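For reference, the structures are reproduced in the following blocks.
Two complexes come next, and they have one chain in common, subunit A, joined by subunit B in the first and subunit C in the second.
== the complex of A and B ==
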């Protein structure tokens, strides 16, 4: 699952029949993991959560989004699983990657980051 | 899934078994501005620059050059739209009527 912000919406009339009735959202992930491609954005279906532009959402990628259509396998690879109310992130996790000792870099130092306790403010997103 | 623009078709005289009869399109993904980029505003997909990469996607919907499409990747999508014997990885699952991308509003 990835954390992403909804930046837009897509409307389509001609589409795969199993996509009928689902909202299509353009989202911008905060961080990628194993992107199947590097388009820099994702289009995810929103089954029933009614997320809108500006919302932070949890996107599930891979097979689980296909379970949502009550048994009908859907041709999607990303779906909105939750709308985020509040998020706490260790800021050190967003720092530059530290070199590994066995690769010849300095030994890693224990990074103790301040935990942000406020919700992600608009405009603070880093990608 | 990602947004892209169809830039052309591909035909092959000699094809792998299973590719016969498939319509193959060249799709370039759109490139969205980053959060908070100066000058970000409400965008239509046509305003977004295209990436350099080209992805070849199979199409059942009849998309033509210049149209914006949604492309889904992966063998499971292929299994659902076609069957497991088709050697494709990217499939056009929707042709975009309109889209609005508000990079400025949320930055």
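== the complex of A and C ==
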């Protein structure tokens, strides 16, 4: 799973029929672990949790998002699995001072110790 | 599997109900040299690991099997990363500690 912030929503009229009725969120990952996918943004479905713009969320990748929605036939591979209330980082364990950064684009960096809660400046999160 | 260091914790009230008993920990990946790469992931933790410990993280169905065995019965776990081992001693770790003290 990865930690990310919801920066927007995508609407599409023409889309796969099984995606009808699901909210598609644009999220920006913090320090993604998978180098093959180091994109600045990621689109994830939100089957149950009703996350909104500015929320920090945990994104689950792979097969669980399909089971969480309608099963193996769903054309998705990323879903919101939790909405973060609070996040704590131990500076000593994280190593040399390094902010928890967004990937891609200008980094609204986070101070180590606490996830910043104010929303990203308007316009930053647009695709 | 991936070697990492537990650096923190995430609390979430709204989450997959099957994962409610487990803590969600932030883990930073450790490279081959023992230094952290800066990539951070979230892993379910059933071992109650202390912050700062080196751990092995399993992915995909391996992670779900670690939490609850049964490939067809653990599909309610919306989870693809889990801490499955706490590393006690590691030569790479000793090397990196030596680097820090230098």
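By definition in this document, the second predicted complex is superposed on the first by the 86 of 127 C-alpha atoms of A that agree within 3 Å, B and C clash if a C-alpha of one lies under 4 Å from a C-alpha of the other, contacts with A are read in each partner's own complex, and residues count from 1 in each chain.
Simple rule for what comes next: contacts are C-beta pairs under 8 Å (C-beta built on N, C-alpha and C of every residue); 3 or more make two chains touch, one makes a residue touch a chain.
Remember, it's a predicted structure, so these values are computed and weren't measured experimentally.
Touch criterion met: A:84 reaches subunit C, while subunit B stays clear of it. Shared-chain residue A:44: touches subunit B; no touch with subunit C. Of the two partner chains placed by superposition, only subunit B is touched by A:12; subunit C is not.
Once chain A of one complex is fitted onto chain A of the other, the partner contacts of A:31 are limited to subunit C, with no touch recorded for subunit B. In the overlay built on the shared chain, the residue A:3 is in contact with subunit C alone; subunit B does not reach it. Within subunit A, the residues touching subunit B in one complex and subunit C in the other are 63. Across the complex, subunit C meets subunit A through its residues 2, 5-16, 19, 24, 26, 28-29, 35-36, 38-43, 51-52, 60-61, 64, 75-81.
If you check the complex, the residues on subunit A that touch subunit B are 5-16, 18-19, 24, 26, 28, 36-37, 39-44, 53-54, 63, 66, 73-78, 122-123, 125-127. For subunit B in complex with subunit A, the residues that touch the partner chain are 1-4, 29-32, 34-36, 43, 51, 53, 55, 60-62, 70, 72-74, 76-77, 79-81, 91, 93-103, 105-107. If you check the complex, the residues on subunit A that touch subunit C are 1-3, 30-33, 35, 49, 51, 58, 60-65, 67-68, 79, 81-90, 92-95, 98, 100.
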